[in-house]
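Read through the structures below before going on.
In the two assemblies presented below, chain A is common to both, partnered first by chain B and then by chain C.
Now for the complex of A and B:
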């Protein structure tokens, strides 16, 4: 890259991406228990509003980055997450309306979207752990009426993930745990054997 | 007695196990009005079980292969069984595969390439589950039963660090050259230390017991000798006996090491896994 114009543009874009990444790590664009204000972005918000909101509210959001660079893995992540959120929300609505079969259809449809999100896990471990929890729990639910709280738990966690895909793992782990608790399914029995093995190995000299 | 003094083995069952022993621990602890989890138990938890979970996590992160990581675990293990059996490894593999059932992987494979490979996929899934467990359990020290008590002023209580993709649990001990904050109290109760030492069997042939006896003897006879991180590790189980609050019950599954000392000092011990 010898062209000084390209070089400066490259540096500018790298600095921009870096600042977005930092901002997204601590984004509060959509706390999942907060009331939405006019300045609050959500996956459903029209992309036309994004730039003006960014100026008016003086904060960065995932949606801004999607608008600037929609072809990246992050752009794909945001799009698929928004679809998954909508699917889980529809699932909740169908369930509360008593249309259980339709709700179960939505749950099954969500799994392909979750699988695609898991393909994007290299973006951050926060994405990986939350999406894995959703994938694992939805696989164990025989019928959605057995786990009516699951769509809401998944919606909440994905909302937060959409707003802050680079959140700290310490924040992501309890969100994943909340999904597992909502499903009320049995844990992975085979995992216990590995846990036992690792505990047996403890002693004065841990595995190095 | 209304106060439970939690030892590391039961803390580990509560935080990591999913085989029913965590429920036994919860049931026993629910009979006490107060449960005290000393920071010493959290320190041992981090140094032992959590360090081994970190090792497994980092191995999966480094190899990005389930098969290679399990092979490494089989070679490294010092468990009485010798190694995690092939059946258990296959069962874990199958459990993860079932979490991904009904997915159109071929379509995803065209876009995402090697991320769809089963060995890589399951390695990542297992690594993420271990990381979740590590963060979740270590985070509990701030809230479980009102948070950790009997704070060790010489021990740096630090959150887990990430040096992507690896996890770093250091420090797992007190700093080098630091005099243990427990020493003054130990020297002040040298008669009880002598009773605990006498209760340790001299013929059980285990290095752990021999070192503990030597350390307790050192406290009795040479109280001026420094007590650093190595002596603190040797002290180990004797902590729960010598620092158990008055009228509290030590809750442990490690009766072999704790009970002889506790009996000699008239301290009650309860084991949540013991059949009534």
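Now for the complex of A and C:
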């Protein structure tokens, strides 16, 4: 019995295994049809084949996890990210409508939301990488008119982050890079124009 | 009085994830199980086939990995779910990474809580104490000799769903050793356990990309939901 390679040992193990399976099969374990394919399979039912699934791009996002318990860090992350997306979208709309000061206000509001999101970076590396890039980049921008692509880049990255906060670092890094690239501008021509606009609104003469 | 939730013991946790056929299983089985070894003191193989392997760990876990599903079962959970969740989380993350799983077609988790009883009749009797088990009394002019009430709720909102059940059950384990084992002194084993069971099965109803899924949030989220709502489930319960 001590030699694991012996034939009797092998037969013994097989007999034990099969008698155990028989015992489980004959038990009155589950009165309902809980072992049908829709239920989570218990080990003794694990030999059943699982039907393959057709999926035509109709996937669940991380938001489904909030349904279980809304008062979690993940729930907070999803809420704040949704607000940040909305703020960046408003910022883009204000810019395209020529309301530069309002766009700047939106940018400042988004920084506060990003700072809040950064506090939730423990949830995943992707959150840390993307939110840090967005926070640093928006903080460096003096006037959003000089980086009109930044709100769009932030919106895209945050959209993806909202749906897939647990993405790999390899996927998160290009999104963070896109945010950084969107803020690279030459000079501050648009900022000067914004200052003039502000002065004009106050009734002062534009700067020379 | 019907049994309160606090009198139920944690009986079993099953976590299962299904995915499209992961053919990397044929290449990386050795790597996979060697890697999973780090999470356990003992890891013993049960059934090993090219498309399905079952291992037992630390005398309480059952791990099954097939071409299209992984399943982890804790048969002897501690008073807290912490250890169970930790093991399931570590093993799941390792398995899906090694198998290159990108989309989870279905994620399911079953929490089972039980009150052990002296006999199956005793378990059934305790089930009759809940309000949903309305006993009609004498039927067809004959007094019933046995009543086996069971209660089941199914829900599906298109994204997630659950099957919540309560029932009495009897588990029987019988092992008849072969003659050579009997001759070596091993005795036949016959054991029967009767219990009243709360069986809560939670599952996703649509596929989910792996980058959207967080197993820790999934397990702790359902645990919080159970603690929040299980008394409501049982209070369906109280006799009017």
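Methods note: the second predicted complex is superposed on the first by the 125 of 208 C-alpha atoms of A that agree within 3 Å, B and C clash if a C-alpha of one lies under 4 Å from a C-alpha of the other, contacts with A are read in each partner's own complex, and residues count from 1 in each chain.
By definition in this document, contacts are C-beta pairs under 8 Å (C-beta built on N, C-alpha and C of every residue); 3 or more make two chains touch, one makes a residue touch a chain.
As the structure is a computational prediction, the values presented were derived from the model and not from experiment.
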item: Partner chain(s) touched by A:181 [first = chain B, second = chain C, both, neither]; value: neither
item: First, second, both or neither for A:141, with chain B first and chain C second; value: neither
item: Partner chain(s) touched by A:72 [first = chain B, second = chain C, both, neither]; value: second
item: Which of chain B and chain C A:165 touches, first, second, both or neither; value: second
item: Shared contact residues on chain A - chain B and chain C; value: none
item: Chain B-touching residues of chain A, taken from the complex the two chains share; value: 108, 111-112, 115-116, 118-122, 125, 128-129, 132-133, 135-136, 139-140, 169-170, 173-174, 176-177, 187-204, 206-208
item: Residues of chain A defined as touching chain C within the complex; value: 1, 8, 11-12, 15-17, 19-20, 22-24, 26-32, 34, 38-43, 46-47, 50, 52-53, 55, 58-62, 64-65, 67-69, 72, 74, 123-124, 126, 163-168, 171
item: Residue ranges of chain C in contact with chain A within the complex; value: 14-16, 18, 20-21, 46-47, 52, 54, 62, 64, 66, 68-69, 71, 73, 103, 105-106, 108-110, 120, 148, 150, 152, 157, 159-160, 163, 165, 167, 169-178, 180-181, 184, 199, 201-204, 206-214, 217-218, 220-222, 224-225, 228
item: Interface residues, chain B side, partner chain A - complex; value: 12, 16-19, 47-49, 51-53, 55-56, 73, 76-81, 83-84, 88, 91-92, 94-96, 98-105, 108, 111-112, 115-116, 121, 124-126, 128-129, 131-132, 135-136, 139, 159-160, 162, 165, 208, 233
